[in-house]
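One chain, subunit A, appears in both complexes that follow, with subunit B as partner in the first and subunit C in the second.
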Partner chain A sequence: MDVTRTVGLDRNDAIAAAKSIYSLVLLLLLWEFVAQYDMVHSYFLPPLSDVLATFYELTADGTMLEHAYLTFRRAMAGLLLACLLGIVVGVLAARNRIVGWFWDPIIEVGYPVPVIALVPVFMFWFGTGDLPKIMLVAVGCFWPVAINARNATREVDENLVWSARMMGTSDRRLLRRVVVPAAAPGIISGVQIALPIALIVTFVFEMVAGGGGLGHLEIQGVRSFESAQVYASLIAIMIVGFTLDRGLRYLRGRLLAWT
Partner chain B sequence: MNRTQAHRQHPPNAKSTHETMVDGHVTITELEKVYESGDERTTAIEDFSVTVPSGEFLGVVGPSGCGKSTLLYLVAGFLEQTTGTIAVDGDPIDGPGTDRGVVFQDYALFPWRTVMGNVTYGLEEKGVGKEERRATAQRFIDMMDLDGFEDKYPKELSGGMKQRVALARTLAYDPKILLMDEPFGALDQPLRESLQDHLIDIWRDLEKTVIFITHDVEEAVYLSERVLIMTRHPGTKKTTVGIDLDRTQPREELVLSDEYTATKNDVWQSLREETTPGGER
Partner chain C sequence: MCGNRFGKKRRPEENAERMSYADFRLETVVETIPNPLRRIVRFAFEWIPIAIVAGLWELASGTAVSSEILPPPSAVFAVSWELLVSGRILPHLQVSLYRIGVGLGLSIVVGVALGVGMARVKPIENFFEVFLALIYPVPKAALVPLAILWLGVGTETAILIVFLACLLPIVLNSYNAAQNVDRNLLWSARMMGMPAWKLPIKVVVPATIPSILTGIRQAIPIAFIALVSAELIASNRGVGFEILRHGQIGNYTSMFAVLVVISGTAFVAVRGYEWLERRVVTWT
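Moving on, here comes the complex of A and B:
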């Protein structure tokens, strides 16, 4: 009985999923149609089928995976670094007067800076390798992670802190035992906001500085007039972004089952 | 209810219990609390002294905003007084301590911990081993009729259940003194009555000192051995009224008795003077 129910559910889920992407399918069909009938010059918009064929070729010979891996690695390394620093700074800025005094103005000023503007500066200082890319991703992701961690920590219900203290939690253990768990939903939201920033910074830096990666692959397509490659790279970065976003959501669900 | 009635037929004599117990008494001397925010100063408590003997159940009533919560949080050690002293068993308190347990009006459960996780928290902090922790917690979970809900998170519980978890959590680490801030204020009548009777059982069985804040005169008189009435803002002690009721009778008879009605009226009159504008002070 359970089995039939599960199967039934799965089918409903599949139908629901298909329904939820109707609009996407429609747009893709429109793309194919417009391109096939030459309503737009095929150099600007090659037919979807051509793009998919190129995508398949690049994937089959390993090129796509190699570039996707470079982009993925840089974005993740930077994001991870930003999380480590941003969570520590954000939580402490909310709980400690001196840390707050030092970091609050920096966070306020740093948050709205368009980090892409620093690409040339980082190239100037650190060259075009992995290091400047990872570092700039970390800089870009630090702000949303830190600001969300700080705000979430500020909003932790004082009664929870008091509850823990009356039950014998020392000031030193308070952060780990109560403050961070209580602020976790907000902290994780900050990481979710930072994820697309990590991808944008990596992608743009690769376009400008090269050194492989999906951004590099795309700009190469433009330079060699291979417009199918441009769109194939675009599809690849979308897949990477979508997968990572889903992964984070899954992680959130696992970590925050109690919300 | 049955449990309560059973106890009421063999009541331990409350007065003698106090004398045999050596710890858990609270002495408040000339307490004053001034809140300062910017250059605004609000005196919440002034000239407040009272002694709560070990094992006493003290009810505190007073008009809204008179400083009841402030008083309780001062005793808990969450707030710092401006002047005066608060001593537990003769030692002035220094911040929160495991000798005092607060039950908050809004429960203040840890939402990321299950019912079991909440109730074992204080025992973990004490360094109690896992097996013993669970056994002790289970005892209080059962006492609060929460068995079967051990693995639920607070968001999955009703208000009344949350309040019972909060009570179990505080009882589990065994503070001598229970400080309760309108704990049943948000609950409906039947649930409130059942928890009140639970609390009386616990107070008797576990020999706790209880300071119980409420704005409900009936609740104060029904539960307490003594009721402290506070003046309106800034709060001081107006008077205390001893409650001398024949507690061998079940609730439904007790609340109809003449003593109960008369005492309730006394407290009510006294409180009313504070809540009526222009009333005598």
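Moving on, here comes the complex of A and C:
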């Protein structure tokens, strides 16, 4: 067996990888160079090495992890709540005429509301702690989840439903065992659409209202003129966003392994 | 709970008519109504739930919840109307629409060029792909503080955020479409003597227009979210700022009223665009 292959470093792969990231390396080098020689004021662009040092410092003393955990907790709790409600409402709206009649126009009106504009409203209703953030994330994520669940359920092949009914499946079991699994790909797509909304709402809320979290850490850097902290928080935000996105894709693969 | 749908035997042809949930039983009633009234009746029937929700809200406000906390919809809509008629909101609306227009316009120009370029020219793809992959998982609203560092508080920051937020859907849609352009089109154009450098503008872009328009449709709601985020965090004008200001001085009815104005604008923008798309793109 070829040694290079065991570590996944085929020569062609390496060339392809180098080609696809050379521009990033160039940009980072340029960044460091320009900032080191003070061609741009360090308030706008601190040297990359400073940013990484700040990132390391904040991570080592636990600040970054604490804030990242706060953000993560709020975004996930809200998203989970939205998924529970959204999937129930969406599936029932597609299968039940009365639920559909009631929810369709509400979804129609609610979906285009830029939920982010509700930040001051929720701040006023629930204060600045965890609760308003989780609630607003839930409200914002509810619509895409519900709409996608409804549309996916409507498109479930009726033959599946008829076959199950013919074999004597009861209504409840039909929903749980036939309709929801058949609509699962569409439902999960809705959750994937909702994930960036959850993060946007959390970050903006933290920036406007405070109360900890990565968004708060970042805006604090702007207010105290510590631009390295702004860049360092952005790195953390990038990592959180990337991890959640990949996590959801992995989960999708696991849940839909049978398709 | 689901009995009324599952409990009944359904013939296949009945299934075909099921497209719209409530029509079924309603249709038999509607048949008896003279034609011009039918649409109105159907419309009213569909919107009853909204009326129920608004009615409950109206009742709850002032009894179950203080009308300070949850102003009744009648008051909110009255104030919205007044804001529009008196023109007090118009300067802010104008600023916000300007920001959206410029940001979205820039992202369309840059996004289409980038998407088509990346799909057709390998070095361009190699250069930009890694940046797009890096930006993709970042919620664009998280870039507002960075934009404040560079551009300060105001219009430029909002434009930059709207631009970045709208860029990805437009790039992705035009990239996918440009990659899947029908080869026969390209070959025919070449065969009829079109020089290679004209192909992108004369063949590829026209062939990708439907997808580009889809990308723009996806970008419009995103643009509004990005705009309001930027205005909440870093602005002293615009509708997002107005909401925050009314909230801070405790003028909650006005706060809700501005919210209604924003939502209405976003709704009209999406619907107006869809209407325009149907009107303009008639060849697809």
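We adopt the following convention: the second predicted complex is superposed on the first by the 219 of 259 C-alpha atoms of A that agree within 3 Å, B and C clash if a C-alpha of one lies under 4 Å from a C-alpha of the other, contacts with A are read in each partner's own complex, and residues count from 1 in each chain.
The rule is simple: a residue touches a chain if its C-beta (ideal position, glycine included) is under 8 Å from a C-beta of that chain, and two chains touch if they have at least 3 such contacts.
The shown structure was predicted, so the numbers you read here are calculated from the model rather than taken from an experiment.
When the two structures are aligned on the shared chain, A:E218 is found in touch with subunit C, with no touch to subunit B. In the superposed model, more residues of subunit A are touched by C than by the other of subunit B and subunit C. After overlaying the two complexes on the shared chain, residue contacts for A:F33 are found with neither subunit B nor subunit C. In the superposed pair of complexes, A:S163 makes contact with subunit B only, with no contact to subunit C. In the superposed model, A:A182 makes contact with subunit B only, not with subunit C.
Of the two partner chains placed by superposition, A:Y56 touches none, neither subunit B nor subunit C. The contact surfaces that subunit B and subunit C form on subunit A in the two complexes overlap at residues 165.
Note for the complex: subunit A touches subunit C at residues 19-24, 27, 43-44, 92, 95-98, 100-106, 109, 112-121, 123-125, 158, 161, 165, 171-172, 174-175, 196-197, 199-200, 203-204, 207-208, 214-215, 218-219, 221-222, 227, 230-231, 233-234, 237-238, 241-242, 244-245. Residues of subunit A that touch subunit B in their complex: 157, 159-160, 162-169, 178, 181-182, 184, 256-259. For subunit C in complex with subunit A, the touching residues are 1-7, 15, 21-22, 24, 46-47, 49-50, 52-53, 69, 126-131, 134, 136-146, 148-150, 221, 224-225, 227-229, 232-233, 239-240, 243-244, 246-248, 252, 255-256, 259, 262-263, 266-267, 270.
Considering their complex, residues 73, 76-78, 95-98, 100-102, 104, 106, 108, 110-113, 121-122, 125-126, 153-155, 169, 173, 175 of subunit B touch subunit A.
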